[in-house]
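What follows is a structure written as structure tokens; I'll ask about it next.
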Amino acid sequence: MRADGRRPETLRALRITRDFTRSAAGSVLIETGRTRVLCTASLEEKVPPFLRGKGRGWLTAEYSLLPGSTSPRANREVSRGKASGRTMEIQRLIGRSLRAALDMEALGERTIWIDADVIEADGGTRCASINGGYVALRLALERLVADGKLAASPLRRQVMAISAGIVGGHALLDLDYSEDSSAEVDMNVVMDGAGDLIEIQGTGENGVFDRGQLNAMLDLAIASSAEIRTAQDEA
Amino acid sequence: MRADGRRPETLRALRITRDFTRSAAGSVLIETGRTRVLCTASLEEKVPPFLRGKGRGWLTAEYSLLPGSTSPRANREVSRGKASGRTMEIQRLIGRSLRAALDMEALGERTIWIDADVIEADGGTRCASINGGYVALRLALERLVADGKLAASPLRRQVMAISAGIVGGHALLDLDYSEDSSAEVDMNVVMDGAGDLIEIQGTGENGVFDRGQLNAMLDLAIASSAEIRTAQDEA
Amino acid sequence: MRADGRRPETLRALRITRDFTRSAAGSVLIETGRTRVLCTASLEEKVPPFLRGKGRGWLTAEYSLLPGSTSPRANREVSRGKASGRTMEIQRLIGRSLRAALDMEALGERTIWIDADVIEADGGTRCASINGGYVALRLALERLVADGKLAASPLRRQVMAISAGIVGGHALLDLDYSEDSSAEVDMNVVMDGAGDLIEIQGTGENGVFDRGQLNAMLDLAIASSAEIRTAQDEA
Amino acid sequence: MRADGRRPETLRALRITRDFTRSAAGSVLIETGRTRVLCTASLEEKVPPFLRGKGRGWLTAEYSLLPGSTSPRANREVSRGKASGRTMEIQRLIGRSLRAALDMEALGERTIWIDADVIEADGGTRCASINGGYVALRLALERLVADGKLAASPLRRQVMAISAGIVGGHALLDLDYSEDSSAEVDMNVVMDGAGDLIEIQGTGENGVFDRGQLNAMLDLAIASSAEIRTAQDEA
Amino acid sequence: MRADGRRPETLRALRITRDFTRSAAGSVLIETGRTRVLCTASLEEKVPPFLRGKGRGWLTAEYSLLPGSTSPRANREVSRGKASGRTMEIQRLIGRSLRAALDMEALGERTIWIDADVIEADGGTRCASINGGYVALRLALERLVADGKLAASPLRRQVMAISAGIVGGHALLDLDYSEDSSAEVDMNVVMDGAGDLIEIQGTGENGVFDRGQLNAMLDLAIASSAEIRTAQDEA
Amino acid sequence: MRADGRRPETLRALRITRDFTRSAAGSVLIETGRTRVLCTASLEEKVPPFLRGKGRGWLTAEYSLLPGSTSPRANREVSRGKASGRTMEIQRLIGRSLRAALDMEALGERTIWIDADVIEADGGTRCASINGGYVALRLALERLVADGKLAASPLRRQVMAISAGIVGGHALLDLDYSEDSSAEVDMNVVMDGAGDLIEIQGTGENGVFDRGQLNAMLDLAIASSAEIRTAQDEA
């Protein structure tokens, strides 16, 4: 039994509020336990220089921790003039994961910007950003179709992500901050709707792990995909 | 009659949700019509170098437009390595306004960080940031008192802000984005609970204005202070 | 009676030396008491990206304190890689004020750069920058007309600026540094040649102010406009 | 059979030249096929601020592609003022992997800097950086012991890394650049001397992968650890 | 005969106005033909970290071209976030040259900042900066002695600089901008009051030069030192 | 007799390994005693904006000290966001020196990038960068000719560089780090194959020098040119 009463294989309460703002093409507030992330998808009718004239689209993701989302306060990255390595690493993961969802030829020469701004951080913000970013992306693509700019949505697969870890020797799903801080192994799994893998990253925080532990974490992650998929589809 | 049916002297619907997040010492979501700003107040138990050892506290404010808060998307300032002039100007205004609320000796050698992150922008974000920032500040100070770190709150006055402008020759209160874009004069008024002035900034966007117009805008602003004060006090 | 013997409504000695340098299209050295600012206007035959192809011109202002202009020395902003918030705020004020002087359609697709570099700082540098920048701008426009590039000057109004404040409870005009440092209220007023307002900014430095004080400061500022106008016209 | 004649499970020729430079405490040139990386380990007798006074050491890794290491030339990151996201991601991986090798209490309040500068890039630079960085680290620690600064080496495990991938449906070990560019799945595995895992990162570049493919890549990677370990030990 | 009627060995009119500003400890406006540079010397009662506690002083020089000093306008370096290579090279030359004038032990743990801001640029700005910087430095040191902070001036030699070049095959002294732009060889010579050398830099702009040309330029430079020394001494 | 047994006029052992890497168009490892620099020449089929459409080529040089090349470690310049003044000064010298070797019209609208990355630093890195950069340049130009992109090499002269100095009152050639640190005068001489001068820079580190000393250093430098030329030609 975990500190918040969950069983090892139980997700935190997952809530996705669509259309949280009206300015962006797609917008959701995703809440996973106490973690809350505002995800928006914005459209731009051009592509970065390296893709111009190739008939293909692009997706870029940016991530930030709002200063008040942690205690003590997280310094604003613009103050030191550049994003931290952690932010870079996370936004690259979100971008790769959601690009896997898109048929870039079908999208055409457009860029979709996914912004994930963490309002409250209690572990799992990168997975919440992917799960919410996917819904914001889908909403933005539906709008493109509704506006007659695209004949059909260029989505080619559903994308979802979840963390797992080894804490006190036990494989646990969906770590909150206190669990994450004391985990021996920390893993993030990005999957499609069929339970196939898009990206896995597993790190021994203070030691090594074996393939049995790896498989235990993967089993937990893949088993949770149906519940995340349902939450995304309902939003 | 204005586009949204308001009379010249009518505020947009003003809603302040306290304790919007739990990580910061004080936190509110303030909504003014479609404009929404997340304001948090965080405490740090030290002061900037220029104040060390003087027994006085400090308050710093930072402001950002989240990328999805506008259409088209607002580029993230960290990408170009520094805050824009507009952001600098706004966060200096918020900081000066809220420092006027504080007895720095009574606060002691602490810094309060006010963060105003705009979730949706429809005009009036700097005034909303001040109004919401004031409430977040008050909540954070109440926590300091409740935690026994201060005997009494070092708040010495209430702070509120509102915009007014001249649009089509008429003085209007609390401009939304469409009004602000076509205003001949744009003004921001920061006041205390007694209707005295803390800061005024008035700009002829495309021409000049006379003292009669200045006074008409000030009259509107000051008359609205009771309603803002009530919203703040209820939160 | 003030420290330097002036009466409350008296300007400091104002001297404008035109053609201080020959490299820029317009150039003046403006001296207000001990404050001295070098103002130049440079022409560029193109506009920023957001204005291209629209047939309109633009004016941008930049401001700096030279390191030796203050004691202790002011650090050069390039050393920390970006302009300070104070510099940003001032150069935005200068730019807005002088753009109000120009008919951008008549200017055509050109940019005018106004540079205000403070050689010696004793209070009132932002107003001196506007007053001197206006003259540099007028000289540059006259040169454009003399060179046959424009049929007539696109100036549409004169622009002048002055500070006022409340010091020891009294409204004073044109504060020097020692007065500014101890002022209860600090105000900058930008006006046209007819005494109408272009921008006002008033700040209670350590408290609030009422409309009577506001009006006293405005009265002083507007009354001084004729003297500034004369100094500008003579240069 | 692969383009260079290797079998799927064969490593490229691996050569480690120790003491490549004399200025750093530890230094190796590691060559993996055409990929060449200069790895150095430098000692600093202090720790970053967040560790001061805690009696523990630290290890930081930095990585760069030298401009001439690729064709076309790689722009120097200092020119745009900050490391790219890719560089950040790689140097964080190197740092985490090599910190797993160290007993920080036994190291004491020292920082070890691992620098991996890629002289020629033909795929697998991050793994080569870890493999060479480990040897440079070991050499530097031996020097600390030889100099009498430490009683025993604080190394607690051997660290080695290798890439694997799915190319044309086949699992291959140690991809070169041409294979990496066309891989369906790209994976990096960091292991200890016993074949246990320190970090795994696997990415579907253009699609998804299943657990069978994941296991095939892991099998290849783990089977190669003995050969890498031998090359490290000989150096 | 040169374009401005000078003979090959003739300096441009050299004028040094001392005490051009009152805020800095030493301040001069130096004019060499149309070139004008404001040089100030400011004192700081501490030294950079690498010198702390060593009982020695330091001198740092900074240089900038004011935007209006050239036509077309010179972009402000703070806008792109860093000083250009040319600026860096010049301010390092000024610093090395003036440090040669100082007995750092006698100065004590103080830093002298020399700022050279070019008001109008017509060739020779780096030499004018050294010549004016030397006078500003001497004035600042005299003030330190007058204020009783130093028993005697720590100046140990006079420092002066002049340019020479080969233009159209002829050795010329003190090139203006039009000569400098067409020079085959460009040289800067920094000397002491006795005609000994502190620094020489000579560059073949578009070809090579021989020792005969080198000596011709050095002869011109050294012969001019008396006239520069006199101008400095009179100021 | 010098510390390493050399006579005053003796060069350190000079070794140039061509084709050190295969990715760049030209590549050499140059070794001068313990100093080692990797020099590469890369081609880009376009020129900087200021040269577009003029039918001329360009050469740009960049220089860095790799972190492990010195003890204590040299911080990576990207960490503080910009190149140091020393780096700027050196890369400008390398660029000027090697541009003197090229007929830019014959090169056509291409840029050649010379990168000099110091692997081990023991004095004389800027001269080694020029000597090695010249060979890398020549190799890259030969490749352009071999590839049929140019009919003949646009090289118009050989370029070589050497340091000399006054140490303990004696003129010495090719200073190593320990000599350089204690030199009274430090000089760098860039020459062509005929012993004519391209650039000279001489600095009195802690005092002045006279023309006799200047000539003694120049004599040493010019006399060494044949040996450097031979080493370059053999590579």
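As written, the chains take the letters A, B, C, D, E and F, and residue 1 is the first residue of each chain.
We adopt the following convention: contacts are C-beta pairs under 8 Å (C-beta built on N, C-alpha and C of every residue); 3 or more make two chains touch, one makes a residue touch a chain.
Quick caveat: nothing in here was measured; it's all calculated off a predicted structure.
J.: What are the mutual neighbours of chain A and chain E in this structure?
T.: Chains that touch both chain A and chain E, as defined above, do not exist here.
J.: Farthest chain from chain E, going by the mean of C-alpha atoms per chain?
T.: A
J.: Once chain B is fitted to chain D on CA atoms, what angle does the rotation have, in steps of 5 degrees?
T.: 120
J.: Counting only C-alpha atoms to place each centre, which chain is farthest from chain C?
T.: D
J.: Centre to centre, by mean C-alpha position, how many angstrom separate chain D and chain E?
T.: 50
J.: How far is the middle of chain B from the middle of chain C, if each middle is the mean of its Cα atoms, in Å?
T.: 27
J.: Provide the list of chain F residues touching at least two other chains, using ranges where the numbers run on.
T.: Residues 81-82.
J.: From chain C, heading first to chain E, list each chain in turn around the ring.
T.: Cycle of chains, anchored at chain C and oriented toward chain E: C, E, F, D, A, B.
J.: In the complex of these two chains, what residues of chain D are touching chain F?
T.: Counting only chain D, the residues touching chain F are 20-25, 27, 34, 36, 38, 40-42, 44, 62, 64, 66-73, 76-79, 81-83, 113, 115, 117, 119-121.
J.: Touching residues of chain D toward chain A in the complex: what are they?
T.: Residues of chain D touching chain A: 81-82, 85-86, 88-89, 91-92, 96, 100, 157, 191-192, 194, 196-204, 206-211, 214, 218.
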